[in-house]
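Following: one structure in C-alpha cells, then a few remarks.
Chain nomenclature is as follows: A, B, C and D, assigned in order of appearance, with residue numbering initiated at 1 for each chain independently.
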Amino acid sequence: MHVQQIISTHPQARGAANSALIACIEECYDCAQSCTACADACLGEDRVAELAQCVRTCLDCADICATTGTLASRRTGSNQLMVGRMLQLCEEACRICAEECERHAAYMEHCRICAEACRRCEMACRQALQENFATQH
Amino acid sequence: MHVQQIISTHPQARGAANSALIACIEECYDCAQSCTACADACLGEDRVAELAQCVRTCLDCADICATTGTLASRRTGSNQLMVGRMLQLCEEACRICAEECERHAAYMEHCRICAEACRRCEMACRQALQENFATQH
Amino acid sequence: MHVQQIISTHPQARGAANSALIACIEECYDCAQSCTACADACLGEDRVAELAQCVRTCLDCADICATTGTLASRRTGSNQLMVGRMLQLCEEACRICAEECERHAAYMEHCRICAEACRRCEMACRQALQENFATQH
Amino acid sequence: MHVQQIISTHPQARGAANSALIACIEECYDCAQSCTACADACLGEDRVAELAQCVRTCLDCADICATTGTLASRRTGSNQLMVGRMLQLCEEACRICAEECERHAAYMEHCRICAEACRRCEMACRQALQENFATQH
C-alpha cells in the first residue's frame, strides 16, 4: 500500500502520522477485506446456520475497520478526538470478531485467517493509540 | 494483505478468483486509501481552491474503489454481472482520477503518488475483467 | 430527509439537481438501509441456507446504493460521467435484488418490503437518468 | 424510509428495536447524506480555504453516521456492545460537526441545514442509547 508515502507528503501531517498510525491504517484496510471475505465464505458453507453470529461480527468489524482506516487517513484541520475514539472502537470490534472466528478456526480455514487479520489490527490500533493519543486514556 | 489466502479457502470460489482478481482487490483497497488521503491533503493545501475538482474526483474514486473491492471479495452464490460492471466503472473512475491528479503531480507530491495508485488500480481492473469476465465485453 | 433543502443551497448546483435526482438520492439511502436490514433478517432465519443468495444480492445492493447516493449528493466541479454510470449500475443492482427478494416475498415479510424498496429505487434511478443524463444513453 | 417496517419483521428483533432506535437509524442515514452534501457544497464555495475544517468534520461525520446506521440495522445474534459504542461515537461526531457548521450557518445556508441534521441525529443517538443501552453508561 501507499499509506506511508502519501501521508508523509501531507501539508499538515506535522509528524502526527508516525509509523504506528501508518501501520494501523494498513491493518484496518486489510482487516476490512478479510472480514468481508470471511462473512461471505461463512455464508457459502453448508453449515451457515451455525455461523450466523460469525457473519454478523465479521460484517460489523468490516464496516468499523473501513471507517477507521478512512478517518485515520485524514490529517487536515483536526478531528483527533474522533480518530482516537474510532481507534478504541476498532480495537474492540477486532477483538470481538477475532474471538468469534477463533471458535471456528479449527475446521474453517477462512475463520482462522480472518482471526489472524483481526488480531493484527487489534494490536495495531492499540499501538497507534499509545503513540498518538496517550493523553486521551 | 490476506486477500489470496482468504479467498483461496472460500467454499465456493471454484477457481473463479484467479490471481488477476486477487491483485485487483488489493489495488482497490490501496487506491481507496490513497484517494482518501489525497483528497484530504489537497484540502490542507493553501491553494485548495484550485484543487476542488481534484478533491471531488478523489472522493468519488475512493468510494467506487472501496465498493469494488468489497463486491469482488464476495464469491457466494453469484452476482458476477454486478462484479463485472463494477470493475468496468472502477477502471473508469481510476482513469478519470489519475488524469486529474496528474495535472498537479509536478508540484503536489501527494497527487503524484495518488495518480500512481490510480493507474495501478485501473490496470488491475482491466486485467481482472479480461481474465474473469471476457464474455461480458 | 434534508436532500432537497441542502442540494438547493449548493453554490454550483446550477439547476443540475432536479427533483428526479433528489428523489433518487432519497431512494438510494432508503434502499441501502432496507437491503442491510433484509440481509441481516435473512441471516437470522432458521432456513438461512436457502437464503444465502438473497443475503449476497442484498449486501451488494446495499453497498451500491450507498455509493450511488453519496456520489449523486456531490455537485462540485464535474464528475457527471461517473454519476451517470453509477446510476445505471444502481438501477441494475436494484432490479437483480428485487427479483431475488420477490422469490421469497410470499413467506418472508422482510423480503417483500425489501423488494418494494428496491423497485422504488430502480425506478428512481431510471427517472434520474432520463432527466439528467439523457445524452449518455 | 422503510426502517420501521423492515425491522419489525426481523425474526430476532424480539422487541429490541424500539421506536427510539428506529428513529435514530433514520436520522443517521439523513445526517450521512446532509454531511456528504455539505462537505461538497463547502468545497464549491469561493472561500473554501476558510471551510477546510468544516469539510473535514463533515466527511468524518458522514462516514460515522453511515456506519452507525448500518450497524444499528442489524439485529441477528448479538453485537449490542458495538452498537452501543457506535451510537456514543456518533452522538459525539454529530455534536462536533454541528458546532463547526454552526460557526458558518449565518452566511452559508448549507451549513445551517447540515447543523440542523447533525443536532437531530445527535439527539436521536442519545435517546436510542437511553432506551436501549442504559446499563452501558
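A few notes on this one:
Assume a contact is a pair of C-beta atoms (placed from the backbone, for glycine too) under 8 Å apart; a residue touches a chain by one contact, two chains touch by 3 or more.
Every value quoted in this text rests on a predicted model; they were computed, and no experiment measured them.
Averaging C-alpha coordinates per chain and comparing to chain A, the farthest chain turns out to be C.
Chains compared, chain C against chain D: the Cα-based superposition rotates one onto the other by 180 degrees, nearest 5.
Our note on geometry: chain B versus chain C, Cα centroid distance of 21 Å, whole angstroms. Between chain B and chain D the centroid-to-centroid distance comes to 27 Å (mean Cα coordinates, whole Å).
Multi-chain contact residues, meaning those touching two or more other chains, occur in chain B at positions 40, 43-44, 46, 52, 55-56, 59, 66, 70, 74, 76-77.
Across the interface of their complex, chain C is touched by residues 1-3, 5-7, 9-12, 25, 29-30, 32-34, 36-38, 40-41, 43-46, 62, 66, 69-70, 73-77, 109-110, 113-114, 116-117 of chain D. Across the complex, chain B meets chain D through its residues 40, 43-44, 46, 48-49, 52, 55-56, 59. The touching residues of chain D, when paired with chain A in their complex, are 52-53, 55-57, 59-60, 63-64, 66-67, 70-71, 74, 76-79, 81-82, 85-86, 89, 92-93, 96.
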